[in-house]
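You will see subunit A twice below: alongside subunit B first, and alongside subunit C after that.
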Partner chain A sequence: MSGEVIVFTIISAMVLFGALGVVSTKNVGHATLYLLITLGSVAGIFILLLAEFLALVQILIYGGAITIVLLFALMLTRVDEFSSIKDAVQRPVAIVVSVLLLGVIITPFLQETLGGQSLTESNLRTLGHELFTKWLIPFEVASLVLLVALIGAIVVGRDD
Partner chain B sequence: MTEDLALKYSAVILVTFIGILAIGMMLVANFLLAPKKKTLEKALPFECGIPASPFSWSQIHMRYYIFAILFLIFDVEAVFLLPWILVFMEPITMSPWVFYEMVFFIAILLFGIVYSWKKGMLKWK
Partner chain C sequence: MKVIVQLTLVSSAIVAAFIALLFSGQNDIFLKALGASTLFGFLSVVVLAMIWYERKLLARIQMRIGPMRVGPFGILQTIADAIKLVTKEDLIPSETDKTLYWLAPIVVFVPSFVVWTVIPFTPSLVIQEMELGLLFVLACSTLSIVGLIMAGWSSANKYSVLGALRSTAQLISYEIPIIVTALTIAMLADSLNLIEIVKAQSSVAYVLFQPLGLALFFIAALAELGRTPFDIYHAESELVGGPFVEYSGAHWSIFYLAEYFNTFLFATLVSLLFLGGWLGPWLPGIIWLFIKIFIVISIIFWIRGTYPRLRIDQLMEVGWKGLVPLSFANFVLTAVFIYYSWSLWILGFIGIASILLIMFTYKKRKISQPPEIILISSSEVRRV
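Let's look at the complex of A and B:
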C-alpha cells in the first residue's frame, strides 16, 4: 500500500466521521463543528488531487468564513425555538433526495469513460496565468457578484 | 503524487500529528496533576471575570452578522490575491496590466465598504 493510499484512507475516514456527526447530532452548534472537520478534511483530498488552490479556498473560505457565518446565523436564532433539530416531518423527503443524489454520484464511476487528463504537478502558477489573461472578465464579474452580496446583506440587515 | 509535493506536505502532516499529540498531552497532564476537589465557583464557566450569562447560547445582535458577511466577502478577495501574487512577480510573461486588473477588482469591492460606511453599518452603536 503506497503512502498516497494511506493518507487518502485517513482523510476519507475523517470526512465521513465529520459528515456522519453532522447528521447524527441533535445539537445544531455541534453539527456546525462537525461540518468544520469535514470541510477541513476535504481540503486534504484536494491536495492529494494536486488542486492546491481549491484546498486553499476550502480552508480559508469554507473552514474559516462559512463556518463562522453559520455559527453567527445560529446565534441569531432564539434558543428556546431551535434548541434541538426537529426534522421528523422532512425525513421521508430527505431519504428520497439522498438516494437520488447517491445515484448521481455513483453513475460516473459505473461508466468506464472516466478520462480527462491527470495532473503531474501543482498548478497554482498556471491558474494565475489563466485567471488574469483568459478568464479576466469572469474574474472581474466575480467581484461584482461579491458586491451585490455585500449590499444585499446590508439592506436586509439594517435596523430601520 | 509527485515526490516533491509529498515531501512538501509531509511537514503539514507532521505538524498535524504534533498538534494532536500536544493537546492530548496537555489534557492527560491536566487529568493527572489537577486537584479533584469541586466547588461551586469552579463549576462556573470562566467568562473573563464578569458574571456568567444565564444561557450559553444567548441571542446576539444582528450587527454581528453584518460583520461576519463583510469578513466572508473580503476573505474571498484575499484568496484571489494569492494566484495574483505568483504571476505578478513575473512581469516578462504577463502583461503589465495584471497589476491594474487586481486594482480594479479591489476597487469594486471597496465600493461595498464605502456603501456600508455611508449607511452607518460600521458604527458600533
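Let's look at the complex of A and C:
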C-alpha cells in the first residue's frame, strides 16, 4: 500500500466521522464543529489531488468563514432552546431524499471508468486565466448571486 | 493538567509532520518532523524573550524598571512565570462542555504553529517551501477563530460568550483588509510564494511602493492579534478576560503562547512582505530578518504602551468604513499601475499622500457619540 492510499484512507475516515457526527449529535454546536472536521478533511483530499489552491480556499471559506458564521448565529440565538433536535417526524422523508441523492451521486461512477488519468500539478496562473476568459460569465453570475444575497441580508437586517 | 500541554505539543508536531508529508515526496519526512520540532523549540524561546522584552519596554515607557528580581535584569522572570502556570491548579467549571473546553486551546494553538512550516527565514532555511505559501498562512490563521468561539461558548460564562462574539466579529472584519493587502503584494511580486515575494524586492523593498498597504496591513494585523488598541475581546476592564475567563494554569498559558506565536508571525510577515525580508547589505540574511522583525515587534509593544483601547463600535467603524474600502482602493490602483506598467514610485507617493490626508482629516473629524444602548429583558427578546 503506497503512502497516498494510507493518507487517503485516514482522510476519508475523518470525512465520514465528521459527517456521521453532524447527523447523529443532538447538540447543534457540536454538529457545526463536526461539519468543520468534514470540510477540513475534504481540503486534505484536494491536496492529495494536487489541487493546493482549492484546498486552501476550502479551508479559508468553509473553515474560516462559513463555520464561524454558523457558530456566530448559534451563539446569538438561545442555544438551550435547540439543544436537542427533535426531527422524528421528518425521518421517513429524509431517508427517501438521502437514498435518491446517493443514487444521483453513484450513477456517474458506474458509467465512467475511474482512474487512468494522470494528475498534473494545478497551476494558479492557468486557473485564474481560465476563470477570467473561458468561464467569465458563470464566474460573474456567481458573484452577482452573492451580491444579491448580501444586499438582501442587509435589507432584512435593517430596522428602518 | 500537564496532559494538555503534552497533548498540544504532540498534536501540533503530528499535524506539522502530516502537512509536510502531504506537500512533499515521502522521502524526507523525518527530516521535516525534526525541523518542525526544532522550530517549536526556537519559537518557544522567542516567545519567552518577547514576553520579557515587552514587560521591560512597557515598564520603561511608564518610567518603571520592570522585572528585576529573577536573574540578571529579570531575564528569568518569564521562565519562573511559565513554571508557575504549568504547576498551577487547573479549575474546570462544572457547567462547561468538557470536550470543547479541552479542545479549544489546541484548536487555537495548532494553526498558529502550523503556519510556521512555510515561513522562510532565508531562501534555504524553511521547512516546506510552498508555491501558495502566503495563502496557506492566511487560510490557517483563520482557523484559530473557531478555537476562540469554542472556548467562549463552552465556558458557560456570559463574559466569555460576549468575548467570543466580539472576537469573531473583530477577527472576521479585519481578515478582509489583511487578505486584500496581501493580495496586492502578491500581485506586485507576481507570486504567492513567500521566497519569491522577498526575491522580487531585491532592488526596492515594497514599503516604498506600498506605504498605504503597509499601514493597512499593520493596523489590521494589530486587530487580528487582539493587541492594543484593538484588544477589545479580552479587555480586562470590561470583559474580565474575554473567551479565556474560565481558563487557568496550563490551558490559559496555551492561549497566551498562541497569541505570542501570532504576534511574532505577523511581525515576520510584515518584514517579508514589505521590508524585504532577509535582504540587506553586509550582514548575513537571517540577522537582517531578525533586525526587521525586532523593529516591528518593538513598534507593536510601543503602541501598546501608548494608545488607549477603542470601543467595539469604533473598532467596527475603523474596520468597515476605513480599512476595507482603503485596502480595495489600494488594490485596484495597484492593479491599474501594473497593467499600464506606470512607474510604481508614483504609487508610493500617492500612498504617502493619502496616509497624510487621512491623518489630517482624522484629526479634524467629529468624534462619534457612543451608540445608545437599550437593555431588553430576555422575556421580551423571546416575544420579539
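The rule is simple: the second predicted complex is superposed on the first by the 133 of 160 C-alpha atoms of A that agree within 3 Å, B and C clash if a C-alpha of one lies under 4 Å from a C-alpha of the other, contacts with A are read in each partner's own complex, and residues count from 1 in each chain.
By definition in this document, a contact is a pair of C-beta atoms (placed from the backbone, for glycine too) under 8 Å apart; a residue touches a chain by one contact, two chains touch by 3 or more.
Keep in mind it's a predicted model, so treat the numbers as computed, not measured.
Once the two complexes are overlaid on the shared chain, A:Leu136 sits against subunit B while remaining clear of subunit C. Of the two partner chains, subunit C is the only one touched by A:Leu33; subunit B is not. In the superposed pair of complexes, A:Gly3 makes contact with subunit B and with subunit C alike.
In the superposed model, A:Met14 lies in contact with neither subunit B nor subunit C. By the touch criterion stated above, A:Leu124 is placed in contact with subunit B and with subunit C alike.
Of the two partner chains placed around the shared chain by superposition, subunit C is the only one that A:Gly63 touches, whereas subunit B remains out of contact. With both complexes placed on chain A, subunit A has more residues touched by B than by the other of subunit B and subunit C.
When the shared chain is aligned, subunit B and subunit C each come close enough to touch A:Phe53. Applying the stated contact rule after C-alpha superposition, one finds that A:Phe72 touches each of subunit B and subunit C. Shared contact residues of subunit A, touching subunit B in one structure and subunit C in the other: 3, 7, 29, 47-48, 53, 56-57, 60, 64-65, 68-69, 72, 75-76, 78-79, 124.
Within the complex, the subunit B residues that touch subunit A are 1-2, 4-6, 9, 13, 55, 57-60, 62-66, 68-73, 75-80, 82-84, 86-87, 93-95, 98, 101-102, 104-106, 108-109, 111-112, 115-116, 119, 121. For subunit A in complex with subunit B, the touching residues are 3-4, 7, 29, 47-48, 50, 53, 56-57, 60-61, 64-66, 68-69, 72-73, 75-79, 120-122, 124-125, 127-129, 131-133, 136, 139-140, 142-144, 146-147, 149-151, 153-154, 157-159. Interface residues of subunit C facing subunit A in the complex, by the touch rule stated above, are 21-23, 26, 97, 100, 130-132, 135-136, 138-140, 142-143, 145-146, 149-150, 152-153, 161, 164-165, 168-169, 172, 175, 192, 382. Those residues of subunit A whose C-beta lies close enough to touch subunit C in the complex are 3, 7, 29-30, 33, 36, 44, 47-48, 52-53, 56-57, 59-60, 63-65, 67-69, 71-72, 74-76, 78-79, 124.
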